[in-house]
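Shared between the two complexes below is chain A, which has chain B as its partner in the first and chain C in the second.
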Partner chain A sequence: MSSIIEELQSTVKKLLEDGTVGYVIGWGATRFPDRTTPVFITRPEDAHKLVWNHYCVNGTAKYALDDRYPEKKIGIIIRGCDSRAVNRMIQDNQLKRENLYLIGIPCDGKENPVCEGCQHKNPLVYDVLIGTPVEEKINPDRFKEVAEFEKLSQDEKYEYWAKQYDKCIHCYACRNVCPACNCKECYADQYRVGWQGKQNNRNSNQVYGLTRAFHVGDRCIECGECERVCPMGLPIMRQTKKMLKDINDLFGDYECGLNDSRPHVLGEFDLQDRDEFM
Partner chain B sequence: MSRIGVFVCHCGTNIAGTVDVARVAEAMKAEPGVVFATDYKYMCSEPGQQMVKDMIKEHKLDRIVICSCTPRMHENTFRKMLKDTDVNPYMLEIANIREQCSWVHTDKEKATEKAIALARMAVAKVGRDFPLFTSTIPIHKKALVIGGGIAGIQAALDIADAGYQVTLLEREPSIGGRMVMLDKTFPTLDCSACISTPKMVEVSAHPNIELRTSCELEDVSGYVGNFEVTIRQKARYVNHDICTGCGLCETKCPTKVISEFNQGMSERRAIYKSFAQAVPAKPVIDPDHCRKLQEGKCGVCQAVCPLKAINFEDKDTTFTDTYGAIIVSTGYQLIQWQDLYPEYGGGRFKDVISGLQFERLVNASGPTEGHILRPSDQTEPKDVVIVKCVGSRDPKKGKSYCSRACCMYAAKHAHQILEKIPDSNVYVFYMDVRTPGKGYEEFYDRTRKDGANYIRGRVAKIYKEGGRLICRGEDSLLGRQVTVEADLVILETAMVPADGIGEVVHKLGIAMDADGWVQEAHPKLRPVETQTAGVYLAGTCQGPKDIPDTVAQASAAAAKVCGLFSKSEMETSPMTSKVDQSKCCGCGHCEVCCPYKAITLVEIDDREGPKKIRRTVASVNSGLCQGCGCCAAACRTGAIDLLGFTNDQILREVDALCQ
Partner chain C sequence: MSVKRDENWEPQILAFCCNWCTYTGADLAGLNRMKYPENVRVVRVPCSSRVNPQFILRAFQKGCDGVLVCGCHPGDCHYATGNYFTRRRFMLMQRLLEYNGIDPKRFQARWISGSEAAKFRDTVTRVSQEIKELGPNKKFQEEWYSEGGAGNE
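Take a look at the complex of A and B:
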């Protein structure tokens, strides 16, 4: 591990020194040994502040959205999930690949339950790779939880989600962290009477949560950030996983963000597609 | 504050019989913004319209709700009516209380409640309507016809005769399509080539027609009145500007290739004209078989051509032109029955042939000079079995639809065999005999009187025994198995859309049905139009049909084009999509889902804090946009709105309904 940290730090130092990037997004230490925090390294002499350990849980890619028109390239240290987040945002036309310098780092799982089912531990795209690729495995239980949940009756499901949205505090953390939520102005932030209530109550929370699920369902990269940040512990991924499961059932194996080419599965129109419904 | 007028129509007793129209009008008076509401017997009638106009003046109405039949019926009528008033024609909503209420309910009390709810929705929406204005676009008076079968030929001639320019595009080296392959045509039995080749020649000689054979559609952009079309001219290796069609090259070419025109039953050369009366009457080189092009050796044709018209260096070229209208007439082909019916030999038996092969066999210019001879041994068959509906009306193996022409041409084939081979026996296996056309039933009757044996049932199996073909099937009228020994079996196979129709459809932004036929805009009321304005349909590309129907449809499509071309500019619907670029994040989801390719992503200058930036946003070409609303549904941020059906307007309706 320590040699990887050294490699990481020296790589970042060099990139900052030679001006390849304006800054680098990665992880830094906190007061607690089992916590890290996202850091923005802007000076070569600060490269030693970067850490790489079991607690590097935060997604790094989404921060780039705050700087869509950078003067220099943005350096991002990316794991497998972060690389898919980058692909996601490029696919959605929100980032340009040429504005990014991707420092890939194979990841063997962090202090995050979502990592157990991770199928892409190695970055799918990068400009430089730190360390060596790790072994990846298919997760046979990818949709197990959803399949179980599907067995409940409609009323039971409704009751379940209604209770969940009683807990939700409408803080938008799930949206803010999600790499698929990359709109310039989220519908939930728009002022439209009768459209989306901003109150914190079952009704408005539900409309918000379920609408968001539909907005990202066919583009979710399964990074689990939404669930990780939710202060109220809502099982948010269950919604997007349900949509992904349906997509897999309908169109065959599909995972989002494996490359940066457009369009995405539900937007695609094939010459052989027929319009049975017309 | 808006001043809404609500007018509830009785439609005679159509609505008033099931809905208490007076109560609906009364209820609307209490809705916010409504200053006047009434009911009337026939709102669409002259006095009805006059009454609306009078009330607009009297009550200074600025928006109107009409509770009546479906908007598809009279929305335009009432829009036109509003043109004579101060109210913008798009400040109008129609509540459909007929098709969606009175016609489908019997309980007057409940139907009235529903009508009130529908009217309330319309009132809520009209309150959010804003004026929309039509604009005009110029019309480029030149038509493109894709597919040079009889449909394309007829359409091109009709448009050209009306004085407009036409380009007729055909991917094969000659026009003519399937019709020139046929021998005689039912029910009159006139010679198919004799009635179609003069038309082909007329096409090539017509001053208003530009004939483009060996060409394919490459790309289409633009919109009604102004389609930009790129066409690919495939390499022909023969310079048609020089070639006189003397045919010397053909006689000297050493390479023999199976003839497509004669359905595999004769040979042609690698430099060839598909058939004697081909138009243009000049040969092309088939690059897949030409020795010179494949192996670099030969070049005999080049050596013998007196005019030096052969050019082995020829390449595909493309050219672009502007068209105001496009007619699709790409026709049909026969289903690949060999893969679907192994029980009929799956193509292993030479003497089990398709109807089109029979047409060539019986044709005087065909491979046997019109003598009906078995492909296997060139002997005259005595017992012939005709099997109808092979691949048609067979959802399990083939297509569920009826191919429409087969009943009649099966009768034609039976008649031709009995006529040419006097001591022959003809057995026709059929499911039904459908003869809905002028003189069709009489023709079928005559064939039976000629001696054709009609057996009702499907053939289950065909196998070979001692040089003969044994057809086993069921006679479902007698309820017993039948076995017929035959020398020749003719399968009357299903029509399916021409290969490559998917690409044409996609390039034109029109739709196909589940079977791949091109979809008309409305099966009854707009049968030759497509959902894309300016794109029309003719012939079998829309569905199986015979020549009379094909020609009628072609002339109908041509009439539509001439109608469009009779004006120099046209009004466009203002109900198109509009992007609020301040909200648009440029994700492009709308762009990919737009079936009319009306959306493009563009860069705009913007600011982000103090920084000047270039930002990507969506932009709608209102000429191309057909107002389908797909983009508005795909846009997550709600940056796109369909004018006339904005998110806000729809939300008002839903709100009103949920009250």
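Take a look at the complex of A and C:
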């Protein structure tokens, strides 16, 4: 592990010294041993501040959206999920690949429950790879939780979600951290249109949850950032995974953020789609 | 709660109808003096793919008991491909709503062409009957409506 950190720090130092990148987004230490924070390294002598350990949980890719027209390339240290986030935003025409310098680093799972089901531990796209690739494994239980939940009765499902959404505090952290939520202006912020009720009651929370699930459902990369940042612990992934499960059932195997250029499911159609509305 | 379930309860159903086929079909049903339930409110949209899934949520919020989206048959879209997007979108929306506890009968989509006045009548009659059996919808409803709406003020 320590050799990976040294390799990472020396690579970043070299990139900053020769001016390939303007700055590098990575993880830095905090005063707690089991917490890290995203850091922006701008000077070569600061490269030693980068860390790489079991607690590097934050997604790094979305910060690039704050700098859409950089003077130099943006260096991002990416794990498997961050590389899919980068692919997501490139496919959504939010980022340009030539503006990014991707420092890939294979990840063996972090302090985050979603990592247990991870199917892409190695970065899918990178300019330089630190360390050696780790073994990938297919997760047979990808939709197990959703399938179990579907067995409940309609009223039980409604009660479950209503209780969950009663906890929501409209902080929009899930939207802010989501790589698929990359609209310049979110519908929830459009106060004059009034799609989103601003009251904190069950109804407007439900509408927010469902609308967000539908907005990102066919583009979700399953990084689990929404659930990680939710201060109230809502099972947000359960909604988007339901969308992905249906897409897999109806339109064939589907995973987002991979290197193929397949458009997202609701942005294309097939004449041979199943027809239930005759 | 002042709302009581009585024998005379009639569901409120919102039907989004494509201007180029279903709306014309509904018009034809009227011209032919066909009788269909009065509890269907028709909203004319330029294409069934104009219907944003948020419209459906909003309809449930504002006290509708059922929502119907009607468009041209696949292949007949006035804009060539609009209803193919509708088909994908609402197959997923129906499942997501069911996952959140809404009966799939409360939100349906149908293809009805401009000449199918009888199909429009039959569809609307059947949907209305199904929703009448399900009873009033309280799920996803705004508080003001579930407490009785304008009738309480």
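Simple rule for what comes next: the second predicted complex is superposed on the first by the 264 of 278 C-alpha atoms of A that agree within 3 Å, B and C clash if a C-alpha of one lies under 4 Å from a C-alpha of the other, contacts with A are read in each partner's own complex, and residues count from 1 in each chain.
Operating definition for what follows: a residue touches a chain if its C-beta (ideal position, glycine included) is under 8 Å from a C-beta of that chain, and two chains touch if they have at least 3 such contacts.
Computed from a predicted model, the values in this text were never measured in an experiment.
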Key: Which of chain B and chain C A:W195 touches, first, second, both or neither   = both
Ask   = Does chain B (first) or chain C (second) touch A:G19, or do both, or does neither?
value = neither
Message = As a test of reading the superposition: which chain, chain B or chain C, is in touch with more residues of chain A?
response = C
Request  = Answer with first, second, both or neither: which of chain B and chain C does A:E159 touch in the superposed model?
outcome  = second
Inquiry  = Taking the superposition on A as described, I'd like to know which of chain B and chain C A:P33 touches: first, second, both or neither.
reply    = neither
Inquiry  = For A:Y69, using the defined touch cut-off, is the partner it touches chain B, chain C, both, or neither? Pick first, second, both or neither.
reply    = first
Inquiry  = If we overlay the two complexes on their shared chain A, which of chain B and chain C does A:F251 touch? Say first, second, both or neither.
reply    = second
Message = I'd like to know which partner A:C186 touches here: chain B for first, chain C for second, both or neither.
response = first
Remark   = chain A residues contacting chain B in one complex and chain C in the other 187, 195, 269, 271, 274-276, 278
Note = As the complex stands, chain C meets chain A at residues 53-54, 57-58, 61, 74, 81, 84-85, 87-103, 108-111, 139-143
Ask   = What residues on chain A touch chain C, complex-wise?
value = 149-150, 154-159, 161, 187, 195, 197, 201, 203, 206-207, 210-211, 213-214, 217-218, 239, 242-243, 246-247, 250-251, 265-266, 269-271, 273-278
Inquiry  = So in the complex, the part of chain B that touches chain A is made up of which residues?
reply    = 502-503, 506, 511-514, 516, 519, 582-589, 592-593, 595, 601, 608, 611, 613-614, 616, 634, 636-638, 647-648, 651-652, 655
Key: chain B partner contacts - residues on chain A that touch it in the complex   = 68-69, 92-94, 182-187, 190, 192, 194-195, 215, 262-263, 267-269, 271-272, 274-276, 278
